[in-house]
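Working notes, structure below.
Read from first to last, the chains carry the letters A, B, C, D and E; within each, the first residue is number 1.
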Amino acid sequence: MRSDRSTSAPLALKLAAAAGLLFLHLPILLIFVYAFTTEEKTYQWPPPGFTLRWLAVTWNRPDVWQALSLSVKVAALSTVIAIVLGTLCAAAVSRTRFFGRETISLLVILPIALPGIITGIALRSAFSLMEIPFSTWTIVLGHATFCVVVVYNNAVARFRRTSGSLIEASMDLGADGFQTFRHVVLPNIGTALLAGGMLAFALSFDEVIVTTFTAGQQQTVPIWMLEELVRPRQRPVTNVVAMIVVLVTALPILVSYYLTRDSDQIAGAGK
Amino acid sequence: QLKEIGPAEGQVTIIAWPGYIERGETDKSFDWVTKFEQASGCKVNVKTANTSDEMVALMNEGGFDLVTASGDASLRLVAGKRVQPINVDLIKSWSAVDDRLKNAPWHTVDGVHYGVPYMWGPNVLMYNTNVFKEAPKSWKVVFEEMTLPDDKTNAGRVQAYDGPIHIADAAQYLMHHKPDLGIKSPYELNEDQYKAALDLLRQQRKLVGRYWHDAFIQIDDFKNEGVVASGSWPFQVNLLKSEKQPVGSTIPEEGATGWADTTMMHVDAPNPNCAYMWIEHSLSSNLQSDLAVWFGANPSVPAACTDGRGMLTKEGCTANGFDDFEKIRFWTTPTSKCASQNDQCVPYYRWVSDYIGVIGGR
Amino acid sequence: MTAATITSPPANPAILPARGGILSSLSDLFWRRPKFLLLLMLLPPLLWLGIVYLGALLALLLQSFFSIDEFSGMINREFTLKTYSELLLPSNIDIILRTVTMAALVTVASAVIAFPIAYYAARYARGKWKALFYLGVMLPLWSSYLVKVYAWKLILAKEGILGWLLEKLHLTWLLDAWLSLPIVGGNSLSVSFTGTFIVFVYVWLPFMILPIQAALERVPVSLTEASGDLGASPGQTFRHVVFPLALPGIVAGSIFTFSLTLGDYIIPQIIGTSRLFIGQAVYAHQGTAGNIPLAAAFTVVPIVIMGFYLWAAKRMGAFDAL
Amino acid sequence: MTPAVSFTKVSRHFGTVRAVDAVDLEIQPGEFFAMLGPSGSGKTTCLRLIAGFEQPTAGHIRIFGEEAQGVPPYRRNVNTVFQDYALFPHLNVLDNVAYGLMVRGIGRAERHKAAEEALALVRLPGFGARKPSQLSGGQRQRVALARALINRPKVLLLDEPLGALDLKLRESMQEELKILQTSLGITFVFVTHDQGEALSMADRVAVFNEGRIMQVGTPQDIYQKPRSRFVADFVGSSNVLPPDFVQRYAGQRRWGSLRPESIRVARQAAGEGVQARVVALNYLGSATRLSLDAGGLRLHATVPAGAALPEPGEHVALTFNREQLHLMEEGA
Amino acid sequence: MTPAVSFTKVSRHFGTVRAVDAVDLEIQPGEFFAMLGPSGSGKTTCLRLIAGFEQPTAGHIRIFGEEAQGVPPYRRNVNTVFQDYALFPHLNVLDNVAYGLMVRGIGRAERHKAAEEALALVRLPGFGARKPSQLSGGQRQRVALARALINRPKVLLLDEPLGALDLKLRESMQEELKILQTSLGITFVFVTHDQGEALSMADRVAVFNEGRIMQVGTPQDIYQKPRSRFVADFVGSSNVLPPDFVQRYAGQRRWGSLRPESIRVARQAAGEGVQARVVALNYLGSATRLSLDAGGLRLHATVPAGAALPEPGEHVALTFNREQLHLMEEGA
C-alpha cells in the first residue's frame, strides 16, 4: 500500500509486528551467543563464560575453508547459470505473448514449489541412472535449477515496470537489436539481475536438502554444518561459521534491497 | 578377486559406523588413520552410516571401496552381489583372527570369505547412575511402564533404537519372559511370535518420546532431554563417561543382541589395492586394541587383549564381554527361510514397514 | 533558437543503408522474424528445465513403477503397481495424513503471525524503517537453516532455555499442562509435535511475510479509505477489503510453507516424536533403506498435492504475488 | 513532389481487430499533419507503421518515395516522440539526447556538443546533467523532442505528446511546437484525440474512426464542412440535425450540422424560429452554453458573455442563418 | 441556516508544508461547491479534512453545525467519490455499490435491491454482475458515484472525478452530475484543477493557492471580477495588464485584467487603440485565437469564426470597452 497519509499504526498492530519480529530474531541471537561460549562440548545455558577463542579456532580449521570454498564455487556457478537462464526466460515471457507462456512461468516456479527433497532424489536417481559421478557440477546442476526462479521473478518484475517503449525508442533512434540490448535493456534490468543474483547466491549458499542428494562425499558449508552439529567436535565453531555467514549475507541483502527499490523509482518515473 | 596387491591408488573410501574410523579429531589419543595414510599413501575417506539399511543403500549406490557391515547387512550385500570375495591369502594377519569369527556365517557363504571381521560387541543397556543406584537387572525398564528407583515413572524417560532390528530386542525379551511363545531365535519369528513382539513394542511406544537414530543425538538426549535408560552401544557409554556424565551400562538377565562387523569390499571398488592395505591394517592388533577401548567393543584379533601394543587390557576385554561371545545374539537379516520355524518366518521387509508403523503409533 | 544546426543537409536519405556485418544482419533477421528470436531466447531455459529438471522428475516417477527385491535391496526393473499398493499401507497413510495436517497447520499459523508484520511493513514503515523491516525478514531467511533448527533444539529441550526461562518465571506448570495433552504433548517440547510445529513455523515464516507484504503494497490506500468513508469500522474494513485483497499474497506464501513442510526431513528428525513425515519417509526409503521405488511413490504425494495447490493458486492470481 | 509519407491501401489487423483498415494517405513534406480520432481508432498503429514498429498486413508504405517494407526502425530516417516520452531512466538528459549519435558511433565530445545545441533549441540549456526523474512533465516532453530531433529525421512522429500535461502547460507547449516545426521545416505527424489541439496546430487533419480515415482536410474544412455525422460530432460539439429537421429549413433530406455558436437564442417563446425549452446552462466564462430541448431533439447553443441569458425551463426561439447549416454528404 | 460545512481557521500542516493554512469557509446546504486551484494547492487536503481522513492541526470543522473533531470517517454522514474511484477490485459492481449498506448490516436482498436502484440512477442498470476491471473509465466513475450515493450522505465529496476521462465523456458526465445534484438536493463539494469544469458546474467556486483561499464567489464573479492577478490568470486565460498600462486607459495605477474575447482586433495598423504585432494564430473552430505582441507585452485575443483574420506578422490595432477592463483589488 502507498503511505497512509497521516494515521499511525494502532498499538495492537505495533505489538503484534514487534512480537513477530522478535520471534524471528531471538533464536538467531542465541546462535551468536553460543559462538562465544567457553563451553566446548555441550550447549550449556546460561553459558558459563565468554571467549573470542573460537574465532581463531575456526580460522585455523582447514575443513571449514574447504567447505567454504566449495560453497562459494557452487553458489557462484549456480548464480551465473541462473542469471542467464532466468533473464532469457523473463525476457521471452514479458516481451511477447505466445502460446504456452503460462506453462513456462509454471515450469520455472515448479522447482521451488515442489519440495526440495523431490528435486534432490530426482536428480540423484538420474545421476545414478546415467552413471554421472558426483562432482561440483552435480551440485551446481541442482542449485541452478531452483535459483532460476529467483532471478526470473526479479527480472520479470523489472521488465514489467520498464516501459516497453524504451526499446522502441532506442531502435527508433538508430540502435540495432544488439546496441539496444547493450545500451538500454542491460542497464535497465542490470540492478534487478544483480539483486536476483544475490538472492540466488544466498539461496544456493544455504541449501542443504537438495545438496545432500547431489553432493556425494563433497562438503558444502551446510553439509559440513549438518555433520558438525550431529557429530560435534568443537560445537561453538559451527556457531561462529553460522554467525559469520549471517553477517556476511546481510550486506548483499541490503544492497539488493536498495538496488531494486531505487531503480523502481527511476523506472517508474518514465511515465 | 585380487591376485596380488599392486601400487596404492592414493585413496580409499569406507562406509563405517560412527566412531569406527578415527583420526584423532574427537580425541587426540584415538587415531588409527593418520599413520596408515602416511605409510600406505592411501588417503582415507569416511562416510558414516547410522543403520544397517543405510549401509546397504550406500553400497547399492556404489562409489565406495569398503564397508563395516553388521550381520544384518552383510548377507544382503552378498545376495545382492554388492561385495566381492576376499583373497585371504593376501592378508598377512588373517591367521591372527579369532577362530570364533574366521568362518562366521555372516561373511562366509559356501566357504567363500566375503570379508574380514572387524569388531564385535553387545547392545548394552545404558542407564543414568543418579536414577539407578545399582544397575537395572532387566530390559523391563525400557519395555514396560514402571516406577523407577527415583519414584518417578519411566514414561518419557527411556529410548529405543530407531531401526527395525530393534524388533529382535523385543523378541529376545519375550524369549525370556514368555517362553510359551516358543521363540528360538530373535531373528526367526513366526507370525504369532512376531505379533507378540510388535505388541510389546507398541506398549513401548507409549514410554518413548523420541527413538534414537544417531549415536551423538542419543548422547545429547541423555544430557538434555532427561533420558535415563536406553538400549545403546558401548560407544555412547564411553563418550558420556569421558564427559563425566552419570551413566553406566549393563547386560541384563535376558541377555543382549549384538553386532559382529565385517569389513567387506565393493564389487566395483575403485581402489582395490588401498582397500586390501586397509583390510590388512584393520587387523593390526594395536588398531584393534585402541578401537576396542574407544568403542567399548571386542577385537576380532584376540592378541589385542593381551599384547599391550594398544590401550586394551585383559580386564578390559572381559568387561566388554569378550568371553560372552556365545551369549550374544548377533544381528542377522531375518528371512522367511528359517530353520527354527519351518521356513515360516516373517521376512525383513515386513520388519521395516511394521516398525515404521509402530513408531507412527499404529 | 538556432534552427540551422538541426535542419537537414541536402543529402539525407529517408531510408538509411544497411550497416553490413554479421551483427547487423543478425539484428535485421531478429527484427524480421521475432518468433525466431523468441525461440532462441526460450531454448536454453527450456532445455535446462525440461531436460535436467523435468527429465529427472519423470525418471524418478518411472521408478515408482519398479519394485525392490526385499532381501538384497536391489531394484527389480519390471513394471508393477506393487510399490503403490505398499504406499497405501495404513502406516504410510498415517505418514501422509500427519504431514498434510502439519503442513496445513503450519501454513495457517505462519499466515496469522506473518500478517501483522507484513501489514505494518507495507503500510506504516517508511524509509529507514522499511529497509530495517526488510532486513529483519530477509536475515532470518538467509541465515543458516540448520543452525537455526539446532538453536531451537536447545531452546525446546527438557533442560533447555525455554524450560529455564519458565522456571525463572514460575510458569513451569503451564508448560507441563500443555505437555500432558494428548497428541500435541510429549515428554518435552523437543520431542513433541508442538515442538516440530513451532520450528516449522519459525523457519518458514519469512517465506510467508514477503508475498503478503508484496500483495498489501499493491492495495491502494484509497480503498481502505473508501471503505471507512462508506461507514465500515476498521474491523469491517479489514474483513471485507484488506484481507480479501491480501489473499493472493497469502496463497503465494502458503505455496512455500506448504511445500517446504511437505518435503522437509531435517526438522522432524531433530525435533519431533520419531513419527515419520513424508520427507523423512522419502529420505529413509531412498537413503537408508535404498528403496527408490517406494521413495519415488512417496514423492508422488507432494507432487499431486502441490499440483492441485498450484492450480488453485493460479486461479486466484497468486503467482503475481510470488 | 514526392509525398513525405504515403500509404497505399495499408491494413494492420490484430487477429479479428482491424486496427488500421485499408488506409490511403499522403503526407506532404514540411507539413504539420494531425491524426485525430477517438480512443482505439488506430492512430497510434498508423504512427507505429510509419516508424517501423509494426508491419502492415496488407498494402504499402513509402517514405519519401522509398518502399519501407522490411526496413527495421533503426534504418528509417524517421523519429518518434513517445506518448510517455520513453526517456532512458539510466542516462542523464545529455546522454539521452546524444543517444542517437552515440549508436551511430559519433565521438563523445562531438555528440555532447550537438546535444547541448539541441537542448538549447528546446529551451533547456544546462539541464544536461539531470536525470529524467528530476524533470517536470513539460521538461521531459522537451527532452524527448530534442532527442528525436538530433538525428535530423525527415519525418517526426509525435504520439499524443501533450496528453499528460496539464492545461496551462499544454497550451504553451502547443505554441512552442508549432513555432519549432515552422522554423525547422520538418514534416510533423501528430497524433491526438483532442480536437482543439488538432485544429489549432495542424496544417491538415485526418479524422480516424475504427481503423479508417473519415475525412482529411484543413482544420477549417473539417470544422465547418464535416462530411459525416461522425466528423461533425467528434470535431467540436456540433449539433447534428436529422434529415427531417434539415428538410424543413434547407429543403433537402440530408443530415446537417450546425455549430452551437451559429444559433441565436431569442427569449420570446412565441417568436419566429425553432421552439425549444432550456434544460441547463453552463457558464464557460467567455460564453454560456445552453442545453436545449427542441421537441425531443437535444441542441446546444452558446450565448456570448454579456448577452441576456434565459432561465432553465424557459421557452425560447432559436434562429440561424441558412448558410451556417452545413449539409453532410454521407447518410450515416 | 446552518452551513453544511464550515471551516474556522482550519490549518493542516505536514512538517513545514502548509497544505491548508488558516482557511475560513462556509458551504451552504444543497450547494454545488467547487474547489479550484493548481496542483499542490491544498484542495485534496481540504476534502480529506471534511471526510475525516486527515485531522486539522488547528481550527475547527463543523458539519451541519456539529463539531467534527475526533469523529472517525465511518461515523461521518459524508461520502467521497475518489479521484481513482477506489472501487473494490474483488467485489462485483453490485456488491461495490451495496458495500455501505452491507457494513451497516442490511440484509442481502434489501441491499441488492437498493444497489440496483442506485445503479439505475446513474444509468447503469444491469451492470451489477461485472467486475470493476470490466468497466470503462466513465462507467467506473458512475459506479463510484452510485456507491457514494447509496448511503444518502448529507454531503458528497468529489475529488477530480472527471480528471481521468477523455473530453467527450467528461462533457457528458459534467452534465449528468449537475442534473443529479439538482434532483437529489445533496450538497456537492467538487475538487478540480480545470477552470472550465469549475465554472460550468458550480454554484460557487473557491480558488485555492498554496493552502489558502484566494477568492470565493459565483463563477461570474470569479471570471469577471478576479480579485488578484493569480485568480485572473488561473481562471480562463485572461490578459493580466500591468499598472502602467492600466493607468493609460483607466486612469488608475492598478493591475487590471482583460478577457481575450473583450479585445477587438482592427487590421489597419495605424488606427486607434493599442498597437500590436500578430505572433501566431490558433484556429479553435468556433473562433481563432491570436497571440499578440504589444510592445513587449504578450496579449491574447479571440476573433469569432467568420470575421476577417490578420496574417502572422501583420500589425494590428486593439480596442476594448473601458468597462471590460477589470481593476483588481490587490497588488500582487
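Things worth noting here:
Throughout what follows, contacts are C-beta pairs under 8 Å (C-beta built on N, C-alpha and C of every residue); 3 or more make two chains touch, one makes a residue touch a chain.
Worth saying up front: this structure is predicted, and the values here are computed from it rather than measured.
Averaging Cα atoms per chain gives one point for each, and the point farthest from that of chain E is the centre of B.
Greatest centre-to-centre distance from chain D is found for B, with centres as Cα means. Counting C-beta pairs in contact across B-C and across C-E gives the higher total for B-C. Between the Cα centres of chain C and chain D there is a gap of 52 Å. In whole angstrom, the spacing between the mean C-alpha positions of chain A and chain B is 41.
Residues of chain B in contact with two or more other chains: 61, 217, 223-224.
Shown for chain E are the residues that touch two or more other chains, namely 53.
Shared interface positions of chain A, i.e. residues touching 2 or more other chains, are given as 5, 171, 174, 176.
Across the complex, chain D is touched by residues 39, 166-168, 171, 174-175, 178-179, 193-196, 199-201, 219-220, 223-224, 235-237, 259-261, 280, 282-287, 289, 291, 302, 304-305 of chain E.
Taken together, the chain D residues at the contact with chain A in this complex read 51-53, 72-74, 78-80, 82-91, 99-100, 102-104, 131-133, 147-148, 151. Residues of chain D touching chain C in their complex: 63-66, 68, 70-78, 114, 117-118, 120-121, 123, 149-150, 152, 154-155, 179-180, 183-186. Listed in rising order, the residues of chain B touching chain A in the complex are 13, 18, 25-26, 45, 47-48, 61-63, 214, 216-217, 223-224, 243.
By the touch criterion given at the top, residues 69-74, 86, 89-92, 94-95, 98, 153-154, 157-160, 186-188, 190-192, 269-270, 272-276, 281, 284, 286-290 of chain C touch chain B in their complex.
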